[in-house]
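For reference, chains read A, B, C, D, E and F in written order, and residue numbers begin at 1 within each chain.
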Amino acid sequence: MGIVYVSRKEHFNAAHKLYNPNWTEEKNVEVFGPCANTNWHGHNFDMIVTVKGTPDPETGFVIDLKKLSTLIRRDVIDQLDHKNLNVDVPFMQDKMASCENLVMEIWKILQPTIPKISKTGELYCIKLYETPRNFVEYFG
Amino acid sequence: MGIVYVSRKEHFNAAHKLYNPNWTEEKNVEVFGPCANTNWHGHNFDMIVTVKGTPDPETGFVIDLKKLSTLIRRDVIDQLDHKNLNVDVPFMQDKMASCENLVMEIWKILQPTIPKISKTGELYCIKLYETPRNFVEYFG
Amino acid sequence: MGIVYVSRKEHFNAAHKLYNPNWTEEKNVEVFGPCANTNWHGHNFDMIVTVKGTPDPETGFVIDLKKLSTLIRRDVIDQLDHKNLNVDVPFMQDKMASCENLVMEIWKILQPTIPKISKTGELYCIKLYETPRNFVEYFG
Amino acid sequence: MGIVYVSRKEHFNAAHKLYNPNWTEEKNVEVFGPCANTNWHGHNFDMIVTVKGTPDPETGFVIDLKKLSTLIRRDVIDQLDHKNLNVDVPFMQDKMASCENLVMEIWKILQPTIPKISKTGELYCIKLYETPRNFVEYFG
Amino acid sequence: MGIVYVSRKEHFNAAHKLYNPNWTEEKNVEVFGPCANTNWHGHNFDMIVTVKGTPDPETGFVIDLKKLSTLIRRDVIDQLDHKNLNVDVPFMQDKMASCENLVMEIWKILQPTIPKISKTGELYCIKLYETPRNFVEYFG
Amino acid sequence: MGIVYVSRKEHFNAAHKLYNPNWTEEKNVEVFGPCANTNWHGHNFDMIVTVKGTPDPETGFVIDLKKLSTLIRRDVIDQLDHKNLNVDVPFMQDKMASCENLVMEIWKILQPTIPKISKTGELYCIKLYETPRNFVEYFG
């Protein structure tokens, strides 16, 4: 049996701003423009989690996508949905609330737990859409 | 010549929360759930503005969609994009920051100005997507 | 306050076939082509439910979309999702399993219950996508 | 039985320009901007045709969407797809190649032929997308 | 000339269920939940076939996408569209009707025939969407 | 810090035809079919530019997506939007106006300039959609 890549898409809605506390207000506005707005802005984030592995002959599955969805919701979405990424999310404290940093933190959460719900599967990629036109991918 | 309905889609990203200041914190959470999160959440809003009218024989246009786009951006998007709907937007002060209230306020802004950029066109509908699954329409 | 139209999109996956038991096999194939396939085929259906009404000043809502989503899932999606429309769905018995018939039956279910979760809202439209290119709308 | 609105989405790819031959080159550029480019530009057009009627009890259909698709392709898409709207399309001669004019001409073609393939159906609306953000609707 | 990856998207609608005949009914329901529904359910599947190769200088093509579309429709879509994946499809007999198994079988069909319609192209990836939120990729 | 892949989506509308001047008209029609139409046809092209690199700790960015968008618009979109790819675009002269050739030329333009707006970023991939169903990717 070959390797198959299996993906599940989830979403969450959150507020954030891009603001470096070591900089002046002026420098923040110069670098981040409206993304530095004091009172926040927000997005509908879409997130695609991809797991690679060989299908189990008894189920035909690399991973049970219902279990993967439940895992992503419990460990990631519930920490982020209807939250403020800068203020409400412990694992984003003291980090710039950029998509790049967010996707790397989500990786740290999901990577160790995937093997608990799949015999052969391992986390391969997380793709995070901030908008339909701006998105990031992380492969660990 | 018949009536043609012409539409332009724009988008903006904003933070908001649903919170009634006349209610206790408990009642707000009971009614609005995570939408009442103190530190805000946010969305990528899509907005479709529809103008009805008869096409001008010289241009074939009911309305010049570049002019309509410029108008929407100047009068609406620039007031809302990368803003906090509850805090930063004068015309949403003292109103619940729901899509229903937002779409009615946007109508008040756009309705009088459409005739200034179109001989026959009048505002027909504004459709506002908070998420791809939740949206409102207003016809005045 | 004016009338606002508020919509919620849900989805379900189901099997069906188009087959008139009063006709010969040949006539069914002639009229319905591959849609009459004996062993069924299926679709990812998308359904948009639109409620019209005046927003409640205390919430800014015509209808609480979380409650509407819960209602649609309980009364409609749970009857249809991962089911066979011809065999498993009581309210489609003895009817052609077309989108036209399905949307009218869903209307009968939702129309009386909307007022129970909204003071001013009434069901306005149900839009049912069989595929992204084939869809129906019903206004009662 | 009630009235159901049934829609089919088709697409075509075409070149065009917006250019009024009664105007100077300067005025054309002033009014139409890059849309007046001498050597044309083009779009992937999406077109949604909506027919209203009462479902036939024997089929459950307002209209057979396969027949509707065949009709649209033969009478409209084959005249427009991979064509130049200004040069190659007889029914657009001597008209500005705007979406408004195009949708009204497509209506004239489809309106009389729908009853030939549906007992109760009549053409209700044609929606024409020039881009995902610019579109027109015509109801006759 | 470098390597370019060229993709074509097709779709089909099919019924299936996830059911391991070596297990009890109870175990099937426990593992597969509603996906094990006796009377089937179904999906609109989207399939993206990607071919890699160097463009032919005379055509600018890695592969003629019309020929690729014709090939995919004849060899794959016609075997799957409006069919029951468990019952009607010879190459899925005695296999779990999962997307993972389906994408590997489609690979076996397409991989040897791509070189017959392209001088330099070889099959690179097949991406199969069961729903917009659940999908698999296979690279051979 | 790991490598993150950051993407920005832009679009342009253009006319083109597929026509090899070394061939007879008959051979062009035989090979390219309606894509060889003398008077051109056109598309709404979508283009996704992906840059890989390590995020800058001060901004959290691999690359400032506003700067990337500005760069793509100035150096690529302004050369292609509302243009004829065969006639109006210097870098496509004497080349077949296929997506394969176009994506390789766009690479040559963007690849050297990305490092000027990002400390660690380098161009990784350009994905060019001619239609939602036909697209190409180039990795240099």
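Going forward, a contact is a pair of C-beta atoms (placed from the backbone, for glycine too) under 8 Å apart; a residue touches a chain by one contact, two chains touch by 3 or more.
Model, not experiment: these values are computed from the prediction.
S.K.: Where the contacts of chain C and chain F overlap, which chains show up?
M.R.: Chains that touch both chain C and chain F, as defined above, are D, E.
S.K.: Which contact partners do chain E and chain F have in common?
M.R.: A
S.K.: Would you identify the chain whose Cα-based centre sits farthest away from the centre of chain A?
M.R.: Chain centre farthest from chain A's centre: D.
S.K.: For the identical-sequence pair chain A and chain B, what's the CA-based rotation angle in degrees, nearest 5?
M.R.: To map chain A onto chain B, rotate by about 180 degrees.
S.K.: With residue numbering as the guide, point to the option in D-F, A-E or A-B that repeats E-F in over half of the contact pairs.
M.R.: It is A-E that reproduces the contact pattern of E-F.
S.K.: Compare the two sides of the chain D and chain F interface and say whether they are made mostly of the same residue numbers, over half shared, or of different ones.
M.R.: same
S.K.: CA centre of chain C versus CA centre of chain E: separation in Å?
M.R.: That pair's centroid distance is 29 Å.
S.K.: Pull out every residue in chain D that's touching 2 or more other chains.
M.R.: Each of 33, 132 in chain D touches at least two other chains.
S.K.: Give every touching pair of chains, nothing left out.
M.R.: Going through each pair of chains, those in contact are A-B, A-E, A-F, B-C, B-D, C-D, C-E, D-F, E-F.
S.K.: Provide the residue numbers of chain D that touch chain F in the complex, in ascending order.
M.R.: 11, 13-16, 33-35, 37, 39-44, 81-84, 87-88, 131-132
S.K.: Which bits of chain C are touching chain B when the two form their complex?
M.R.: 1-10, 50, 55, 57-62, 64-66
S.K.: Could you pull out which chain F residues touch chain E in their complex?
M.R.: The contact residues of chain F facing chain E are 18, 20, 22-23, 31-33, 95-101, 103-104, 132-140.
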